[in-house]
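Below you'll find the structures, each written out as structure tokens.
Shared between the two complexes below is chain A, which has chain B as its partner in the first and chain C in the second.
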Partner chain A sequence: MRKKIKPYIMLIPVMVFILGIFIVGIVSGLLQSFGYFPAIGLKTLTLQYYKDVLSSPSFIRALRFSFSTSFISSLVAVVLGVLFSYLLLYDRRRKGGPLVNIYKVPIIVPHTIAALLIFILFTQSGWVARLMYHLGFIEDMKYFKPLIFDRQGLGVIMAYVWKGLPFITLVTFDILRSVENKYAKTAANLGANHFQVFWYILLPLILPTVASGFIIIFAFSFGAFEIPYLLGPSTPKALPILSYIHYNSVNLADRPYAMVINMCIALCGFITVGLYVLTFQFIKKYNNQ
Partner chain B sequence: MRVKWIIKYIILTGLLFPLLMMIGWSITSGWSWPSLIPQGFTFRAYSYVLEPTTGVFKILINSMILSIVVTALTLLVSIPAARAIAFYDFKGKSVVKVLILLPLIVPMLTVAMGVHLRFIQVGLANTFWGVVLIHVIPGIPYGVKILLNVFELNGNKIETHARILGASPLQVIRYVTLPLITPGLIIAGSIIYIASFSQYFITFLIGGGRIVTYAMFLFPFVESGDRTMASALSIVFILSITLVLFITEKIVGNFYEKSSRYYV
Partner chain C sequence: MAIIYLKNINKSYDNKVVLKDINLIINEGQLVVLLGPSGSGKTTLLHGIAGMIDFDQGDIFFGDQLMNHVSIDKRNAVLVDQNLLLFPHMTVESNIAFGLKMRRVKKSVIKQKVDELIRLLELEGHEKKYPNELSGGQMQRVAIARALAIEPEVLLLDEPFSKLDIMLRKNMQEFVRALQKKLNITLIMVTHDQEEALSMADQVALLLYGEIKQYASPNEIYEKPVSKEVADFFGVRNYFEGKIIDGEFHSPLGRFSTHLSDCEKITFMFRPEQISFGEKQKDSIEGIVKRRVYSGDKVMYTIDVRDFEIYVSSFIHKDFKVGEEVALQANFDKAVYFI
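Our next item is the complex of A and B:
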């Protein structure tokens, strides 16, 4: 009996946080998004807030902006991160080379500072504009097409790539190395070239890790406030910023709108995970046949 | 082969060159258009950060204390949870696993806005402990997952042996479990500390501007585009993280060496 209860007792502290704060936060948000907000006297459940938000053009624009910046930045970070990881692999002969660790620096740099770095480089009086001027491409800073605060969100994308790339390299490097040790030499021995080894052997084996890395950075960038706030355009706004504007409104009755947006952000995360699970189940089935 | 070499260094430059620019901005007294390199040299921005009268240094220290408390608390709740998942079979295990990893997927913005009202009701909003509690959440998946890997790798045989040989439960923890999981604790602790120290939005929301962390102090400088001040503050930020990680590794490394000297 005691043995049966013991694991639950060990889980109590962590569950106090997960259920007491995390789940309570999500559920309160969910209730408020359906208009249940007793603190200001709203007690009837309604879908009205969802209807209002989902039909508003500013929400659609924000959704498109958040999705495209997050998706493109995560994709670029994953592709370049895996490529960099692969290139580092053949660097290990020179053991203790500085390369192996120095690429990790962006991981400890917070997003606020990542935004500053992109700002320093790409603002109209930034370093890239100056370089263009010296190379004779532009005559003055006002001719430099700003890459930040732009409607496509290039600055936002660059900042997330800068943060995401080394993260992907970090999570894939060790597994790539062990897989390479096991199979790559055999394949090479049998006549596979570098590209074939990578494409047919290494990549399929590290794909689950790569995919979960993608999900983590995608879900994070989709719901993070700092970078789109500091580098994004004033329209369209990213979803987290739109949500905060509703949340911070003087009129408390606007809060359900913020919660609707928050639920959409969370839902997108869940959909991504769902796709991930389905894909791997499909691959498993396919392989077993 | 040449192409590989070039691509590698292009990526590396892309990662490190912006940091170099930031260092340049932090020590320049003037760097006007269209110069490519800083024109003057001064440490004025740094002296502003480190001078006691400006209060920046105090914010830095308070912020470090907050993140250390967050890290300790997160690890403390993660250890038993990871052990339970690693060594016991129980009903609802898969649900527990999903619940613990969920903070990686659901953004903290959603959670913090949802729980804010409760925090106000129970008096946790705008307090040190309120901020600590909300910072623990994003650290839990990392803490539990990393320690779970460590426990699964080590198994619990050595602990059982120690118990059979007559060690008390406390002795087992002090002399067997802790030294075994120390490397995992350092990695998990580092990630949790960095994440907590870097949080801007949830600190700002739950702390209500009353609890000012270093990340919050830095934010308006970046927002207003004050390149020199923001750069100097950022470099102090990064250095402080590096310093804490370095010291932890040294202290814990010493402890680790001492305990394992006699028993392994």
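Our next item is the complex of A and C:
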């Protein structure tokens, strides 16, 4: 019995630290979102702030913008990441040389630097616009399609793809290699060609890993602040930006609005965690062979 | 008719020779066992036949068709690996149907074939199960069914029973043997278990150090090994060296009558079961029991004869104690000999 309890006892200090910050933050934010903010004299619990926020067109636009940029960037990163992993697998350098490792570089680059790089490359006065102008593809740099601060959030999406793709490649490559080593020849031996091996064997077997990778980068980009702040349009704003504006307002009475938005972001986070857990239950279903 | 012909096959890895001048003819409907210890090259040979690796030299023919450059997915030589490698995300019936699906066979035909194999391999009731819900024997049968579904030219089994317990192994050996005879399929199996090889094979190819040392029927390879190393592989044996003069074999153990003609140097080989305990007489070898190892149905004795050790196996009804004097009989006329 003592042996069973021992690991939990040993984990208490770190769990107090992790859960303490997490729970205090969530509870405090939740109370403020319900209008309980004694510092400015608000002591009555109410759903009014939720009603106001959820019926506000700017919130709906922000939710749509955050969801679409996060979803599209995560999806593109996942598709390209899986294809890139597959190419790496069949690359002669697959044993791992410096070139193979170059794809990992964006992982260690901070998001603000990533935003800066995208900015330098893709503004109307950026390198890509200049290059296209000099090559004669466009008559003037002002004809270069604005990719930064645009309403579709293309700059935001590009930055997230640039950061997400190597992460997906990293988590996918090893599992793809082990699955390939184990099952690809067996499938080919039964008559499957390269595409069939990839489609019927490799992809389904790495799908749980890919799905969890997708969930991780989606949850991150959905709640992240820097990139939409630096590359996003002034309207619609991403949810974290909207929350930041309310939070930073000189009128402290706006604080509950910020907390309502934060709770919405947190709720989306919890939903993605739920999906993550479900994904792993799916993996367990057949990984004990 | 020879269905598979391996001609002068050679293979090396990092300058280490794995297969050397392999020549093998396998007839249609035969069960051939590639027997040998770990590292003898038998799995490499099987993988080469399946098209999983390329040989450095030599040709593979299926019938009169050269298969050297036929890719793995077109070769129709299906390997059942010792790890079985059932696709974990597919049910039993999807695993069995896989090869047919890859060949774009009509769904109705696939269903009919899968049902047929489920019945044949006694897998009824397990169709919807995933591999991790099956027992070892069931997984084995699914792997064989999956291979049989595409009606391969040859079925290749790589140590198929090595991970099964002894009872299940015996059952599966009998099952596979019966299935092979029933369907009249050509089957090549790799094993390091000599008993398994001898009990299942039509022909056994013994591989040692990448070379086929003997290719013969189980009876012949066991009873008439062509060399000492072949004989050694099949277990404990006794070698008596000496010469033959005037119909008598002269050795440090004594003189024994033989029908063989005069010879300056000859080595007789006796397996432990070819030497028996008997009464003291002219041709008997006398010694003292040095060790006694009980192994269920028989006892293995080590007999000390003038500083030589002779191994004798005997059924349990004849029991001798360590230190007891015994007389041994060996028929030199029926023994295998090497000159």
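Criterion: the second predicted complex is superposed on the first by the 262 of 289 C-alpha atoms of A that agree within 3 Å, B and C clash if a C-alpha of one lies under 4 Å from a C-alpha of the other, contacts with A are read in each partner's own complex, and residues count from 1 in each chain.
Rule of thumb we're sticking to: a contact is a pair of C-beta atoms (placed from the backbone, for glycine too) under 8 Å apart; a residue touches a chain by one contact, two chains touch by 3 or more.
Not measured: the values here are computed from a predicted model.
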{"item": "Which of chain B and chain C A:Pro146 touches, first, second, both or neither", "value": "neither"}
{"item": "Greater residue coverage of chain A in the superposed arrangement, chain B or chain C", "value": "B"}
{"item": "First (chain B), second (chain C), both or neither touched by A:Leu87", "value": "first"}
{"item": "Contacts of A:Leu131 with chain B and chain C, given as first, second, both or neither", "value": "first"}
{"item": "Partner chain(s) touched by A:Ile21 [first = chain B, second = chain C, both, neither]", "value": "first"}
{"item": "Contact footprint of chain B on chain A as seen in their complex", "value": "4, 6-8, 10-11, 13-19, 21-30, 32, 39, 80, 83-84, 87-88, 90-91, 99, 102-103, 105-113, 115-121, 123, 125, 127, 130-131, 133-134, 141, 162, 165-166, 215-216, 219-220, 222-226, 229-230, 240, 243-244, 247, 258-259, 262-263, 265-266, 269-270, 272-273"}
{"item": "Chain C residues within the chain A interface of the complex", "value": "50-52, 71-79, 81, 85-89, 98-99, 101-103, 130-132, 146-147, 150"}
{"item": "Residues of chain A that touch chain C when the two form their complex", "value": "182-183, 185-193, 196, 200-201, 204-205, 285-289"}
{"item": "Residues of chain B touching chain A in the complex", "value": "4, 7-8, 11-12, 14-16, 18-19, 21-22, 25, 33-36, 76-78, 80-81, 83-85, 88, 90, 96, 99-100, 102-115, 117-118, 133-134, 136-137, 140, 144, 194, 197-198, 200-201, 215, 218-219, 222-223, 225, 227, 230-231, 234, 237-238, 241-242, 245"}
